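After this come two complexes, each holding subunit A, first together with subunit B and then together with subunit C.
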Partner chain A sequence: MLINNEFNEEKIQSPQQYIWSIFKSKNIAVVSMWAVVALILIAIFCQYIMPYPPALQHPDMLLLPPYWVDGSNPAHLLGTDDLGRDTFSRLLKGIQLTLTGALLITVAISLLGLIIGSTAALLKGVKASIVHHLLDALLTIPTLLTALILIVLFGMSFENSLLAVSLSLLPQFIRGIYNCIETELNKQYVVALRLDGSTNLRLLRYGILPNIIEPIVTLLNRIFTMAVLEITTLGFLGFGANLEEIELGALIAKNLDLIYISPYLVLFPGLAIFMIIIIFNIFAEGIRHAVIEGED
Partner chain B sequence: MQTLLNINNLCKTYRRSNGIFSSTLQYAYRDVNFSLDKGKTVSIIGESGSGKSTLVQTIAGLRTQSSGDIYLQGQSLRNISVQDRCKSIRMLFHAPSESLNPKATIGRILTAPLKLNSNMTAIQQQQQIKNTLSLVGLLPDYLSFYPNMLSSVQQHQVALARAMILDPDIIIADEILAGLDISLRFKLINLLLKIQEQKGVSFIVVAHNMSLVRHISDHIIVMNDGEIVENDITENVYNSPKSSKTKHLLQSHKPDYRK
Partner chain C sequence: MFNYLIRRLYLLCITSIILTIIAFSIQHLTVGNTLDSNVFSQYLDYLISISQGELGVSALDNQPILKTALIAFISTLELCFFAFIFASIIGVPLGILAGLERNRGIDYSIMSIALIGLALPVFWVAIIFTMLPNLTGWVMPIDGNISVIYEVPMVTGIMLIDSLLVSEQYQLSAFYNHLVHIVLPATVLAIFLISEIIRLTRHSITMIMRSNYIKAAHTKGFSRPQIVYRHVLKNAIPPIIHQLRLQISTIISFAMAIEIVFSYQGAGMWLFVSIQQGDYLALSTAILIISGFILILSIIVDLLLVLISPTKRKVLYADQ
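And now, the complex of A and B:
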């Protein structure tokens, strides 16, 4: 017998388990994973972590620096702005709005893009070529421009900016998925599954999707990064969140006048955007490398 | 006795454009006629580009012919459902490492054709899988393995099990011997012969190497530029080749171990 009880601890790992075991062995990837979890927890439990309501004004404490600079007040960890609002609370609120927005966009795009992309790839003939060439045309327009045009059409609000960003990023995801599935369809195991009499859905579920995890992770990572950047850009330009909604890009734009008096007000939101992007990128890269290593 | 497979004037053309407005019709193969009896082996031999792979892919159902008909037990394949076609004609690909899904266990790979093409219960499926595995000489333990954990000849055995699991009438082997060394080739060939003896299946073998094929085939078809140049009983082809192409192939494929 090949599997005997003496070596029972050496179980045969499924590809997912194997990828997970490789992922666990990479320190940076695991740290970034916990950082991602922490960011998501911050976004969920923002209300309970914030020391003050983000709109609460402290008229006696204006433009305080962060706690490690002289003249600060420990009650406001990262200082206050020109109306005496707590920077830390506003920063958390901003992270919540930007991060949930970007994650929502990524989830929506991945679901919609998978459905459209795979139907386009599995279809043949006129329908497929319509999708193909339409997407090609859409891809020539820069995404930010598309988002700007859409938001002018929809009207300015945070929800509309999310909608505009997701619509502007959708074509490239569909295109990416389409290309992945197209190359996968020419592989012999997919042809063999076809000869077994598989339906397209079964082909997709068992034959194609398990084998395109790596490109999907890369695509999703790119979509997420671009979503964060576009949401904040739209916020910065004043097309996205309105005054009551605090969003990282809008936060930078509002405090830009104060940059010589209190540079921290611009620095912290900028750092937050940078950290969100870099953490998610390292996390995605860790998954990608684990998947690649797991394949050979 | 009715012939199992009968191929009648099969042609495959495709357009090749040369320039913007003009295009010429090219033949992948044309006017192919042959028949195959139950339990017999026919080998298709030819240089690369002679249309033999396209021909067997058409028989397997991967491509469609431009004209002509394939008859399976007297019925045209056009009138047979995909399921029945799957059940009676199965194909082996030349590289099993590519034709077995790397993300599925052997068990799942073998269950898929049963699930899709038969009405067996789960217990019957298990029994059928076990029988087929023992037919190709693998232990049932391999069911929980992934394809990349097996050696290349074991992968061939799994691919053969997948082909045999529906008890087909015809198995098409597309250059399955190409990637193996001599001893493993013989192992695989002996396995094929054993299965043929037990189950009475017919083989269509596509090959480059003429001397290996001599051992297993009853009939040999030599193709050149999409046309059949020689179609005869094996010994006739080897002893008195009629066309110059066959002579050329026979000369160029003197195996190393006979020198």
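And now, the complex of A and C:
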């Protein structure tokens, strides 16, 4: 085999490749990445993984415990609830709804927030101060209160609760982006780019955005975490989901009466929320470390 | 300093005007008022009624809604206060330790605890905590602010002081009873707060340990405790306070979710019950009270920061 090493070409890695190579070298980060992929696959192919339809009732098998406890039935891996519905299927359905909701919110907020935040940071004068004061006012309203108000205005449904959560988290993200760009604008290379005569758009694309990846990852991670927590909180309070759409918080609320008879019904959805958040947090932390090391 | 004060007060005015507009439009959209067709004059009336402290009467119990809301919100603040004290006592030393021992075993274990604390959904932890007395056999109340056998008259509105004032009748047992009722909800809120404080403290400490004056102190031959007490802590505390100031609204919204699980009579429970029974006047009142409180508190914290930290003052003078 001919080894083509005649002209010893030195390849210089692009920053993205360099960050990726650092990311690959960390075991926990790679494991969490595959866990994230697995969660997303579960959310997409939920229909095909579920052993039973989530609303199917088995009247002869009520309140079964999970398979490792005595008196369980191997047909229902994680047991059943008081109407004989399979816990595992309901859990998967709940994960699908919560995760897709949170991911949708994160994507929508990041797009909208980037546009509004960078516009606000690059503007000057009256327009900028209007945005500034409006954000200040919106930030003082607790997110749960905002979500409750929007749900009262729009009516109760899962879609509206998603809308409410995203609108209540949007000011935080805009403020975060605004602060990042504001600190970046005072640096010397931005002044140099300005002296070169670059337009605002070019300044943003080549000057600022590549340098604020790390704070953006942190912000997005925070927004995702808060989105999961708020969707489930609204579901738990009974403002989000209806009977068909059992997202994880609503699942906990529905099973709350059974907590002394079969605590697993409350334990599992909570653990599922915990796992979703912790997996995404470790993944984001891995990216953040890779970006920081790549910049050094 | 004077200029700074004026600027903050000016910001306070504009932000509170925006808040009243938001509150007014919510009230307009939910409750509605068809007496006068002109929205602008209605808004002026609304402003006048706010300045007189008359926000209307609750549809549920015909009491003035401002009084109910204030009493409920003060209970929430009591909860947040206890949780905050508890969390600072535990969180700050752990955060300092993690920041000083960066990238060692102890740092990783403390940060894992912080990560877990942040990832646990608060209402679920609250449910688990309501089960704890049953599982472990402690005698702990899990609902309400105080046992119904105590009749505490409303004097200041703050239950902590009110229950002390009836000590002639109950010999402090009402006070202890109220404290015991707060313990579990405050612990749940503190779990979230501890992990937040640990993260902030660690970040702030590591930033300062990298700076040049710490290296200079090392070369002078100071021992590590000396450096930490004289240089690190003084400079690390202001950024933590500043970051926590931005989190106040998150803390209050978590406290509201916890209250609903423990049926603790605070702002969360009051809002929840009001919305479920269709008394939407509660929404605009809640915005005025809670956001107004957060606004005023954040300005006070800003002023405090300027007073205690010379670096903030430097920025101030450069502005002029």
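Going forward, the second predicted complex is superposed on the first by the 286 of 296 C-alpha atoms of A that agree within 3 Å, B and C clash if a C-alpha of one lies under 4 Å from a C-alpha of the other, contacts with A are read in each partner's own complex, and residues count from 1 in each chain.
Here is the rule we use: a contact is a pair of C-beta atoms (placed from the backbone, for glycine too) under 8 Å apart; a residue touches a chain by one contact, two chains touch by 3 or more.
This one's a predicted model, so the numbers in the text were calculated from it and none came from an experiment.
Enquirer: In the overlay, answer first, second, both or neither for which of subunit B and subunit C A:Leu153 touches.
Expert: A:Leu153: touches subunit C, not subunit B.
Enquirer: After superposition on the shared chain, which partner residues are touched by A:Gln188: those of subunit B (first), subunit C (second), both, or neither?
Expert: Touch partner of A:Gln188: subunit B, not subunit C.
Enquirer: Which partner chains sit in contact with A:Ile12 here, subunit B, subunit C, both or neither? Use first/second/both/neither.
Expert: Only subunit B is touched by A:Ile12; subunit C is not.
Enquirer: Once the shared chain is lined up, is A:Ala55 touching subunit B (first), subunit C (second), both, or neither of them?
Expert: In the superposition, A:Ala55 contacts neither subunit B nor subunit C.
Enquirer: According to the stated criteria, A:Ile42 is in contact with first (subunit B), second (subunit C), both, or neither; which is it?
Expert: Touch partners of A:Ile42: none, neither subunit B nor subunit C.
Enquirer: Quick check on the superposed pair: does A:Gly197 touch subunit B, subunit C, both, or neither? Answer first, second, both or neither.
Expert: first
Enquirer: With the two complexes superposed on chain A, say which partner A:Val266 touches: subunit B (first), subunit C (second), both, or neither.
Expert: The second partner, subunit C, only.
Enquirer: Tell me which of subunit B and subunit C touches more residues of subunit A.
Expert: C
Enquirer: Thinking of the overlay built on chain A, is A:Asn281 touched by subunit B (first), by subunit C (second), by both, or by neither?
Expert: The answer is second: A:Asn281 touches subunit C but not subunit B.
Enquirer: Residue by residue on subunit A, keep only those touching subunit B in one complex and subunit C in the other, then list them.
Expert: none
Enquirer: Which stretch or stretches of subunit C touch subunit A in the complex?
Expert: 11, 14-15, 18-19, 22, 26, 29-30, 115-116, 118-124, 127-128, 131, 134, 246, 249-250, 252-254, 256-257, 260, 268, 271-272, 275, 280, 283, 286-287, 290-291, 294-295, 298
Enquirer: For a test of understanding, state which residues of subunit A touch subunit B in their complex under the given definition.
Expert: Per the stated touch rule, the residues are 1-3, 12, 15, 187-189, 191-198, 202, 206-207, 210-211, 295.
Enquirer: What residues on subunit A touch subunit C, complex-wise?
Expert: Its residues touching subunit C are 133-134, 136-145, 148-149, 152-153, 225-226, 228-229, 232-233, 236-237, 249, 252, 256, 259-260, 263, 266, 269-270, 273-274, 277-278, 281-282.
Enquirer: Can you name the residues of subunit B that touch subunit A in the complex?
Expert: 60-62, 82-83, 86, 90-91, 93, 95, 98-104, 108, 112-113, 116-117, 139, 141-142, 144-146, 149, 162
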